[in-house]
Amino acid sequence: MEFILAKYNYWIYIFLMMIGFYAMIAKKNLVKKIIGMNVFQTAVFLFYISISKVTGGTAPIVWEYARQYDNPLPHVLILTAIVVSVSTTAVALALISRIYESYGHIEEDKILSQQK
Amino acid sequence: MAQHLPILPIILPLFAAVLIPLFGRIRVQYAWFFSVGATGFSFLCSSWLLSQVMTGRRVRYFLGNWEPPWGIEYVVDYLSGFVLVIISFMAFVVTVYSWKSVEKEIPKEKVGLFYAVFMLLVTGLLGIVITGDIFNLYVFLEISALSGYVLIAMGGKREALMASYNYLILGTIGATFILLGIGYLYMVTGSLNMADLATLLPPLYENKVVLTGFAFLVVGLCIKVALFPFHIWLPNAYTYAPSVVGTFMAATATKVSAYALVRIMFTVFSPGFDFKMVPVTEILFYLGMAAMLVGPVLAISQTDIRRMLAYSSVGQIGYIVLGISLGNQTGMVGGLVHLLNHALMKGGLFLVVGAIIYKTGITQISELKGMGKRMPLSMAAFTVSALSMIGVPLTVGFVSKWYLGVGALQAGKWIALPIILLSSLLTAVYFWRIIENVYFKGAQGQESGRQREEGPPGMVVPTLGVASLCLVFGVFAFIPVSIAELAAQMLLGKT
Amino acid sequence: MVESSVPFYTLLVSLIAIPFIGLSGKSPNLRESWTLIASVIKILMVLSMVPDVLEGKTIYTHLGSILPGLDIAFRVDALGMIFAVPASLLWLITSMYSIGYMRSLNEHDQTRYYIFFSVAISATLGIAFSANVFTLFLFYEILTLSTYPLVIHQQTQESLQAGRRYLTYLLGTSFAFLLTAVFLTYHTAGTLEFSRQGILTGKTSDLMVTLIFILFLAGTTKAGLVPLHSWLPAAMVAPTPVSALLHAVAVVKAGVFTIVRISLDIFGIDLLRDVGLGMGLVYFSSFTVIVASLVALRQDNLKRRLAYSTISQLAYVVLGVALLTPGGIYGSTLQIVVHAFGKITLFFCAGAIYVAAHKTKVSELNGIGKKMPLTMIAFTIGAFSMIGVPLTGGFISKWYLLMGAIEAHHIFAIGVLIISTILNAAYFLPIIHAAFLKDLPDREEPRIQEAPPWMIGPILVTAVGTILLFVAPSFFMKIAGLVVGSLNGGSS
Amino acid sequence: MGRGNVIIRFIAAKFIPFIQLFGLYVIMHGEAGPGGGFQGGVILGASMILYGLVFGFEAVRKTYSQKAGDILSSVGVLLYAGIGLLTLLIGGHFLEYRVLPLGTPQFSSHIGILGIEIGVGITVASVMTILFFEMARRKS
């Protein structure tokens, strides 16, 4: 129990990640896959953010109470990763809209049956 | 200025990517000129860098003059210099070649966008190779992957969209795994610089967090490399992409990921870790061999020539991974040299296929009858590349196979030898089908009946150049091999 | 040891001729004269190396190394010479014959034909002159690839089928087994250079030596040893000059030569004897000799009968070497030459019969001697040589093979030689009998109807050559003597 | 399109300038505190999207054409890379701001980073807008 509680942030991120992963693999709807992908990526972002926390730390800004501050680097990294994630989502959505135009579906199995 | 060279191969294509949308509006041809200029200079800079490195000096560059481990560092050593030259050379050749093909396959209003994204792809791939920062590697990986998705989707058929989508899903899974792995490593070391990590990690090798991070990195990269059984995204992507994109990605994209795998396994981690503490090389060894058999077998059953070549790539990736996993210098040299060799062979093959599609629109193997007389030069290039793939002596393919075979024997892994040779035989089967069609079927007695339909010089010359390099580096094999040997020494030298 | 680039130039001659042949595709006369010029120069160059070889010297060229351990190097010694001299001589004759044959039949793609012909002969000489296993392997593959377009020249479904089998057997096994053997040799010996004492002695276990030897044998499918022979009868779909080239000059002989070369210079006689591989090889090749002869008896297609005869005859060569006695090896070396002349005569005759009378089956040959007397006389000479009748070269080689078997006290081998001679007679004599003594079919009138002079000429030349080998065999006997002499620790 | 509730239109019209102002503030503030080109750019882009949602795409296209968006997205990156190249040409490393000839190294760094942030902001804002409008334009 102690083990679970002490590392709750990891449990949360693993849980979210698995939800996203499941959706990416198992869902037939292309948009749902993308939603899954976002959950999947966000879980990893959460993981990064949670490891940057220093106990008792404040925001990494120079101000009068700043004795101990959180590690800002993961935040910066994740900012980049978020941009990447947004771009990926944008590309994916653009693809989906064009797939819908040319196939008339966004269900994977129906599209595959058309390709045959 | 000379000390700023390491940044140039990266920012030249980047600048081109930015300028092309601006100038491409004025005239579409400018897009091509900018691309050729950028990749050409990029290739020159890379060659210069490699020559610098060969004098025994490691070239390092600190972005913004922030010293590592705080700032991002670009490192050119034997390995990255070697791969840098391969990638920039192929980029240059493919760009020169692209004019006519793009003109035909891409709608006019999208040509500017096409070249811009193409340059981004080049930037991303070169960035992966040159960076010495593990997070920067992730970013470049994603830049190249994103531009790859966009470019593949530009293929004319609607299947291209689904191919791109599937690639996107799998690619993102891979990239996110890599990101997660990087996070784990950062968590225990607090560093993102590869060289720094290499000194910080050894005491932590028993640490479970490090092991988990390593596992995520390797699995993520294996997806990017398209190692069997993670190869499912690859065939469709290469088949339906515009032929220029298919060519470039087949020649370079998976190689760069393989490079990243080598970097992570041997620079960030150490050979001692890979071979003694975790079973990763063991697993890669068997997966590589499986790929070497599965790829050609699937290739034999294809009717579309590009899909066949794509499956053949799956098999060839197996060679590279096998070489990496053998754990001795000879095997490593084989794997690294195959990075170059496969880029040349597969590049040459796809260039020819692109010319065929441009000229005749043929994509099916059975329709290639009599092509030997219609496009003699292109088909000669095809034959040379195909013989190379089979591994006939005096071609580059034989060099890789020789090193892999000898490496396998030296490592005591006898099982690899028959697999290598069996794979060559299967390769011979699917290429011979084409060669038979091209030269010896149909069109009997039409010695002068069919006129020549050779592609435009802008396509034929690059194709012949690449194909002749297959021979040049097959005969003067010591040139790439000596570089690969230094790189292998460097990678395996650390304990 | 003499350093000289002549061996390399000898190879290069016919390769240099290729662009000229290719460019003059429009005017056949010019094209064929390039071929002939190249072949004459080639013969002269080969002959120019003979004096050195006769003095017991070895001519060596190091062309370059691809990788450490993988050198391209040429070495001309007596064994190589005994293969190279007939090959280059017969190439000239075959080229002339081709001109007649191809023009009479008005074949398509003649330019391609002559180009690959030239590549094939270069590769053959490359095999003869190679100084290490890698160079040998290289030219072995080039030979396979360059003869493929010749074999499937007809481009019919049947010939493509045969071509596929040809490649599967030759390319397939050489990659699967020969290359494996090369890898293992390099791994155990650390070098691939030929050496008279063998390079594997004392390097590894007997089991490993046996394994490598078997791999070499299995990889050298060109030799046509049963059970890996079926590509050869299939390849009979090729135009007749090609068949002649395949059997008498290039492919099969290259295979046999490879086996001889590897047995002597990779393993060495002593090692083979110690491990007991010689015995195994005797039984193996004897099996081929007998089985192929038996199969030949049942073939009605003339060229296929000749093909099986080749398989059987060239297994003699392997048999002779396998005896591991000087006499056996002496006989083997002579057999290479003698068989070349004899078999090429037979194939030329088969081609002439096809061109002049359009007959391919043995059962159709009744009375053909009345229509084509010259051809059938030449055929008779060739057949006698195959059987080993005195006054033809075949007698000499068979004699020495027999001596070698007796020397080795090998009753089994003696028996095989005798039985196979009877079988040879059994499948050749009926043809001769039918040709001269049986009546023509009713519809045909007995007037002379020979093939064109371009074809008859070469036939007569090779037939005379076959007889000359009996009358004046001293030249080849001297070289063969050198081969044997160098075995006993002579200069390498 | 554009026929939204009058309240929404009124409020949006009043708010959009302030949103944009805030976006600019966030961009300019980026080199000294929380904020920066990404965040500011997104805010700017959001203001354009809001404008489009409320008043219709044609209205947006009148003030901010597609061509302008395309060019701006390139210009932003060009600004970023150009500053990097400038530092190279002056003799520093790529993106080594303090070598810029603007008085003290500190001040140069300030200006350099600000330039970068503006470049990023322009690109992000225009790309966000392009993305949104490209998606919305496709009426399936």
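Letters A, B, C and D mark the chains in the order given here, with residues in each chain numbered from 1 onward.
We adopt the following convention: a residue touches a chain if its C-beta (ideal position, glycine included) is under 8 Å from a C-beta of that chain, and two chains touch if they have at least 3 such contacts.
This one's a predicted model, so the numbers in the text were calculated from it and none came from an experiment.
Here the chain at the heart of the shown protein, by mean C-alpha position, is B.
Each of A-B and B-D has its own count of C-beta contacts, and the greater count is at A-B. Averaging Cα coordinates per chain places subunit A and subunit B 29 Å apart. Mean C-alpha position of subunit B lies 36 Å from that of subunit D. Centre-to-centre separation of subunit C and subunit D, using mean CA positions: 80 Å.
Taking each chain's centre as the average of its CA atoms, subunit A and subunit C sit 70 Å apart. Shared interface positions of subunit C, defined as residues touching 2 or more other chains, are absent.
In subunit B, no position touches at least two other chains.
Contact annotation for chain pairs lists A-B, A-D, B-C, B-D, with touch applied as defined. Put simply, subunit D touches subunit A in their complex at residues 33-34, 38, 131, 134-135, 138, 140.
Subunit C meets subunit B in the complex at residues 64-67, 70, 108-109, 134, 137-138, 141, 145, 149, 152, 155, 160, 163-164, 167, 171-172, 175-176, 179-180, 183-184, 186-187.
Those residues of subunit B that touch subunit D in the complex are listed here as 4, 7, 11, 14-15, 17-19, 21-22, 25, 61-65. Across the complex, subunit B is touched by residues 21, 24, 30, 33, 37, 40-41, 44, 47-48, 51, 74, 77, 80-81, 84, 87-88, 91-92, 95-96, 98-99, 102-103, 111-112, 115 of subunit A. Against subunit D, the residues of subunit A that register as touching in their complex are 59, 61, 79, 83, 90, 93-94, 97, 100-101.
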